[in-house]
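Here come two complexes built around chain A, the first alongside chain B, the second alongside chain C.
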Partner chain A sequence: MASDPPTQVVAGGWHFFSAQEAALVEAIVDRIIPADELSMGGKEAGCAVYIDSQLMGAYGASSRLYTQGPFLPGLPTQGYQGEANPAQRYRAGLAAIDAFLKQRDGKTFVELARAEQDAFLTAMEAGKVDLPNGVKGPAFFGLLLQNTMEGFFADPVYGGNKDMVSWRMLGFPGARYDYRDHVSKHNQPYPQPPVSIIGRPEWLGKGA
Partner chain B sequence: MKKLVFTLVIGALALAIAPAWSADQADQIIRGQYQAVLGDCAGCHTQAGGKPLAGGLPLETPFGALVPPNITPDGETGIGNWSEADFRNMMKSGIGHNGVRLYPAMPYPAYTRMNDSDIADLWAYLTSVEPVSNKVEANQLPFPLNIRLAMLGWNALNFTEASFQPDSSKSAEWNRGAYIVQGSGHCGTCHTPKSFLGADKDSEFLQGASLQGWFAPDITNNAQSGLGKWSEEDLVKYLKTGVNAHSIASGPMAEAIENSTSKMTDPDLKAVAVYLKSLGSDAGNTQPAKPDETRMATGEAVYRDNCSACHGGDGAGAGVLFPSLAGNSIVAQGSSETLARLVLAGSQAVHTADAPTTPAMPSLAWRLKDQEIADVLTYVRASWGNAAAAVSSDDVAAVRKGLTQ
Partner chain C sequence: MTKILPRKDVVIVGLGWTGSILAHELTDQGLDVLAIERGPWRDTATDFNIGYAQDELRYSVRRDLFLQPTVETMTVRNDPSQTALPMRDFGSFLPGNGVGGAGVHWNGHTWRFWDSDFQIKTNLTKKYGASRIADLQVEDWGVTGTEMEPYYDRFEYLAGISGKAGNIKGELQEGGNPFEDPRSRDYPNPPMQMTYAPTLFAEVGRSIGLHPFPTPSANMSRAYVNPLGIAMGQCTYCGFCERFGCANYSKSSAQTTILPVLMKKSNFEVRTDSEVLHVDLAPGGKSARGVTYVDTSGQEYFQPADLVLLCAYGLHNARLMMLSGIGKIYDPTSGEGTVGRNYCYQTNAGVQVFFDDKNFNPFIAAGALGQTIDDYNGDAFDHGALDFVGGAGINCIPTNGRPIGTRPTLPGTPKWGSAWKKATVEGYKSTLGYSSQGSSYATRNNYLDLDPTYKDRFGRPLMRMTFDFPDNDIRMSNYLCDRMEEIAKALGGKQYTVSRRKKGWDSVPYQSTHNTGGAIMGTDPRRSAVNTFLQSWDVPNVFVIGASAFPQNAGKNPTGTVGALAFRAADAIRNQYLRNPGAPLVQA
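Let's turn to the complex of A and B:
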C-alpha cells in the first residue's frame, strides 16, 4: 500500500545486480562521489545498495509511469523517452561498459586505475565512447549520476546516505517539520542533529 | 444536530398521530430521550451505523464477551413484551423480564440510584422508538459464568438496591451533579477501580481504572492524577466538545462524549463539574523518583524528533488542536496504558457540534521501538512540572501486544 511506512533497506546481498554488476556500480558511484575531506565516498555511503533496491521496486519496472508507445525522440527537457525501463537500462548499460572496456583495454572498469576510470566516465558523459548494443553513453551516465545523487542525499531508510552523512555535511536537519522555536533566532546555527524517517542513533542512547 | 432532528421527528410524529400521544406523553418521551442521553444507552446498545438501540457490539469484559441486547420495543427480539414494572425493576435491581438476571456490564449498580420519574420517562421514550427485529445472543460468557443465577451470589456480595441520597449540606447544583455522576451517567462503570469480582471499589470512587486496553483516568479533584488543575469551565468544555486546553478525548471517552455528554444541557454539565471537583484528596500523593538521566536524554531526543512539532518544545501544545502535555491529566495517571496506546495507535478527536475539527495524532508504532516509547513517555511524565512514574519497555510491549491481537 502507498500508505505503508518504509522499511529500512539494509546492505548485504544484492537483489537486482549480479555480483559483477554490483562491483561495477560500486566502482562508478565511488568515482561520481569520491571519498574526500567532506565525506565518505558513494560506495561506503550505500549508493549502490540504494540503486539495487530501487531497481527491484516500482522505479526499476516503471510501474508508476505510462510506458506504452509510440516511442518518439523527445526534447532534452523531456528526459528519457525510450521503451526500456530503468532495470533494463542498467542491465544493458552495465554490460555495454564492460564489453567496451574489455575490447579496448582488455580490462573491466573495476580493474582500471582511478584516473583511467575518471577518463572513461568523462568520455562517456561527453558521448565520446561508442558503447555496443545501441547504449547511449550520455543518457546512461545521466541515469547513473541521477541515481547516485539520490542514494547519497535521500533518507537513509532507502539504503544510501549512510549515517546521514550527506545531511551532516550540509547541515540539513532531515525529517523534521516544525521550526517555530527557531524562526526568530537569526544568524544562529540550528542546534538539532539530522533525523531519518526511521530515527537517529540517540533514540536508543547509543550516542551520535 | 441529532438531537434537534430527533426532536423535530418526535414533534412531527406527535402531530401525525395526535390521538395516540397526548401532549403530556410527547413531553414525557422528550424528557425520556434526554434520560437516554444521560445514560448513554446508545453507547452500548447501538452499533455504529446500525439501527438505534437495536443491539450493540460485544463488550469484552475480563470475564468474557457480553453483547448489549436489542432494547427497541420489538415483541420478539426486543423489549416489546416487557411491562413498565419489568423495566423499572431491571434498572433498580438488575433483574429483568421473567426474572432474568443481568450482568453488571449493564450498569444497574449505578442506574439503581435513578429516581422513579426519570426511569418512567426513559421507559416512555424506549417504547416510542422504532421497533427493530434483531436477535441478539447477549450472554456469550464461558461456563460457569454463563449461568445467570450466579448473579444471585454476585448481587448478594456486591450490590444493594439504592436510591440517590441527596446531601442537604451541599448545593442543589452539587446534588444534581452527584445524581448524574452516580446514577444515569454511570461514570464509575469505567472510572472506578474494580475488585476481582468486577465490582466497584467504592473507597476508590472515580480514581481511575483500566478497561478494554485503555486507562480511564482519575476524575476526582486530585492535583496530581486527577482534575485538580482543571477549572469547572475546563471540565464543562471537555464534556461538551471533547477538547480543552489540557486534553483531547480519545477511546471510549470520545464515544461517551459524542453520544452523551456533548448532548447534555449546560447546567447539567456545570453540575457534574461542581460535583467532580469536590471529590478526592491529595493526602496520599507522593512524588515519584526522578528517572535516570540517560533515559531522560534518550527520551528527550525521541521527543524532539517525533512529538515536539505538534506538542511544542516546551510541551505546551497548541490551543485546542494539539493538547498540552504539561499538566495533562492522561500524562499524569499512575498507569501509562492510555499514553502508550496513543503513541502506538494514534488517535483522532471526536466530532462534536462545538468542535468539529477532529485533529488527529498519527500512529508511531512503525517508527518507535518499545524502549524508545518507554523512554519518551518517561521523559514526558517527568518534564514541565509533570511528576508521574517512569514507564518500562515491558509496559509498552504489553499494550502493543494488546493492539495486535
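Let's turn to the complex of A and C:
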C-alpha cells in the first residue's frame, strides 16, 4: 500500500547485481564518495546495497513512468527518451565498463589503482571514453552519481547512509519533527544528534 | 459494457482544493453531490504518518504522493516547429493525485493577485500604450480586485493563513506588504516565527530601501479553528513540507480544512481510484448529460448529472474539455479556438549567497516560512523607462535542508570525490538562497492541444504543451536578477551566484507547479473558454474551476486565487445558476 511504512533494506546477498557487478558498483561508489577524514566511503555506507535494492523495485523497472513508444531522439530539454529502464541501463552500463577496460588495460575496474579508477570515471563523465554497445558514458555516469548520492543521503532504512553517516557529517538531524524550541535561536548550532525513521542505533536492543 | 448509474444533481471531477470547496458549498445548498477522484483516498493519520512521513527519498525523490506519468503525462516542446515528446518522468512541474490533490503537498504560499493583475490589459494599455504589449496575448480577467476581495478573505480564513496585512481598508499597516490591494481585515493568524536566513534577508532588504514582509503562509503559526469548526495544530518547522503530506495537521489542505465536515454529509459521496474519461454531451453538444469514468477493475460507468464541475488540476481540466468536445481547441495559426489558449507558467530565477561565519540551520524550516519583497512585482513599480511588463516577488523562503536535494556548493565544485565532500559540508549550513518568482504572460505560440502521436493508458491522446519563455518575460527576469544582485552585495557573503532564466524552457529540472491557463476566463467567448464565473461558454451546465482559468500568471503562487475563484463560482451557482439551471450566467 502507498501508505505502508518502509521496510528496512539489509546488506548481505545481492538481489539484482551479480557478484561481479556488485564488486564493480561497490568500487565505483567508493570513488564517488571516498573514505576520508569527513566520512566513511560509499561502499561501507551501503550505497551499492541501496542501488541493488532500488533496481529490484518500481524504480528499476520504470513502472511508474511513461514507457510507451515511439521512442524518438529528443532535445535535452525533453528529458530522457530512451527505451531502457534503470535496471537495463545498469546491466548494459556495467558490462560496458568492464569490457572497455579489459580491452584497454587488460584489467577490470576493480583491479585498477584508485588514481586510475578516478581517471577513468572522470573521462567517462566527460564523454571521453567510447564505451561498447552504444552505452553513453556521461548519461550512465550521471545515473550512477545520482543513485549513489541518493543512497548516501537517504534515510538508512533504504540500505545506505549507514549509521546516518552523511547526516552526522552535515549536521542534518534527520527524521525529527519538531524544531519549535530552536526556531528563534539564530546562528546557533542545533544540539541534538540525528534520528532515522527506524530510530537511533543506541535505541536498538533496549527495552521491549 | 458501460454501467449506467442513478443520476446526481452535481458531479465533481477531482477532489482537491476546488472540488472540496464546491462540494461543501453545494451540499450546503441541499444538492446531492458526487466527487469522482482519479487517485486514492488520503487522510492525515493513515497516509502522512508521523512515524515515517519524514522520508525524502520516498516522497521527494520518488514522489509517492504525486501523479505518476504512467497514469497520465503530456508531450512537450518549445515551439510549433519541434516534435513534441512525452515527459517520461515529470520534472519541471509535478501534478498531484488523489484526494486533496496538489494541495496535499504544496508549500502553502498564499497570495492575492492585485487589481492591476486582473485588469492587466486595460491597465498596461492605459499606462504604457498598446504597442508595449503587442507581442503578448495578455487579457483582462473580467473581474476587479474589489470584486475578488471577499472571496480571498473566505479562502484565507478557511485555510488559516498566517501573515501580516499591509493594507486594511486603505490604511497601510506597518510590517505588511505596502503594495497589496486593500483587504477588509488582517489574516486570521499572525506571521510564522522567522528563522535566521529570512530575518537577515529582511534586515538587509530594508537597509537598501526595500519593503520585506512575512510571506503569507498556509503553515499554521499557532493552533487554529477554522470557520467550519475544524482544528489545526501549530507548525513544528520540521522542513518536510512541499512534496510531503503534513503529519501534524499544520498545513492547510482539503484534508485539514474541509473534508472532516464534508465527509459526514449524507448528500455527499466520493468515489476514489476512478478516472473520468470524458464529459458526455447531449446531441447538439450544448449541454452535458454526465460523465463516463472507469474504476481500477476496468469497469466503465456512465454517471448522469445535471451539473458537471471540472475541478481537476488546471492542465487536466483543459485536456478533459478537449477530450469531451467542450469548446473549440485553440489554433495558434488562425488564433481561433479557446481551449488550450494562453497557457502560462512562472518565470523564476535564483541567487545563492555563501558565507563563512553563519549557520542557517536549513532543516528548521516550513514550506511558506520566509520573507518576500514585492517592490518589483507586477505593476508595483513604474515600467515607463523599461523594456518589459510584469515583475516578480523576491522570496527568501528556505523550505528545507533535506540532503538528497539541498546541498548548495560554491561554483566550480566537482560533483564527486573528496573535494566535493568538503565543499558540501562547508556549504550546507552557511548558504542563503532566495529567488524571483516572475510573472508569465501569454503569447500566441504558447498553448495546449492534443498530441497527434502519443496516447494514455486508455488510448486517448496525451495533451501537448508548446511553451517557451517569452522575450518579455526573459527581460523581466533579467531585470529582477539585477535587483537580486544588489541584495546579494548588501548581504556581504564571501561569494554569490545568480542563476538567470534563459530561453528554451527545460522540462527536466524542477521549476514550479504553477501551470496556468488553457481554459481562461473572460468576457469575450472568442478569447476565453469560460465566463467570469468559470462557466463554459459552450456548455453552460459545465463549470471549469482552477488555475486553468487564469488568462496569464502573476509573479505569485496561484493557490490563493484558485481558492477565491472557487468560492466565487460556488456563489454564482448557488445564487444565480440554480434559479435557472442550464442557462448561461452571462450572455455571449
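One rule holds for everything that comes next: the second predicted complex is superposed on the first by the 198 of 208 C-alpha atoms of A that agree within 3 Å, B and C clash if a C-alpha of one lies under 4 Å from a C-alpha of the other, contacts with A are read in each partner's own complex, and residues count from 1 in each chain.
The rule we apply is simple: a contact is a pair of C-beta atoms (placed from the backbone, for glycine too) under 8 Å apart; a residue touches a chain by one contact, two chains touch by 3 or more.
Remember, predicted model here, so these are calculated numbers, not experimental data.
Q: Between chain B and chain C, whom does A:Q192 touch in the aligned arrangement: first, second, both, or neither?
A: first
Q: Check whether A:P138 is in contact with chain B, with chain C, with both or with neither, and answer first, second, both or neither.
A: A:P138 sits against neither chain B nor chain C.
Q: If we overlay the two complexes on their shared chain A, which of chain B and chain C does A:P70 touch? Say first, second, both or neither.
A: A:P70 sits against chain C, while chain B stays out of touch.
Q: Which touches a greater number of chain A residues, chain B or chain C?
A: Counted on chain A, the partner with more touching residues turns out to be C.
Q: Please indicate which partner A:V183 is in contact with in the superposed arrangement: first for chain B, second for chain C, both, or neither.
A: second
Q: With both complexes overlaid on chain A, does A:P5 touch chain B (first), chain C (second), both or neither?
A: In the superposition, A:P5 contacts both chain B and chain C.
Q: Given the touch rule stated above, what does A:R200 touch, chain B (first), chain C (second), both, or neither?
A: Touch partner of A:R200: chain B, not chain C.
Q: Do chain B and chain C touch any of the same residues on chain A, and if so, which?
A: 5, 175-178, 180, 197
Q: Tell me, which parts of chain A touch chain C in their complex?
A: So the residues of chain A touching chain C come out as 2-3, 5-6, 31-34, 36, 38-39, 58-59, 62-68, 70, 72, 74-81, 118, 121, 125, 145, 148-150, 153-155, 157-158, 166-167, 169-180, 182-184, 186-190, 197.
Q: For chain A, which residues are in contact with chain B within the complex?
A: 5, 175-178, 180-181, 192, 195, 197-200, 202-205
Q: Going by the contact rule at the top, pick out the chain B residues touching chain A in the complex.
A: It is residues 294-295, 297-298, 301-302, 304-305, 308-310, 312-313, 366-369, 371-372, 375 of chain B that touch chain A.
Q: Which positions of chain C touch chain A when the two form their complex?
A: Checking each residue of chain C against chain A gives 40, 42, 46-47, 49-58, 61-62, 64-65, 68-70, 73, 76-78, 82-83, 85-89, 91, 193-196, 199, 234, 236-240, 247-248, 358-361, 363-364, 401-404, 407, 415-418, 421-422, 424-425, 428-429, 453-455, 504-508.
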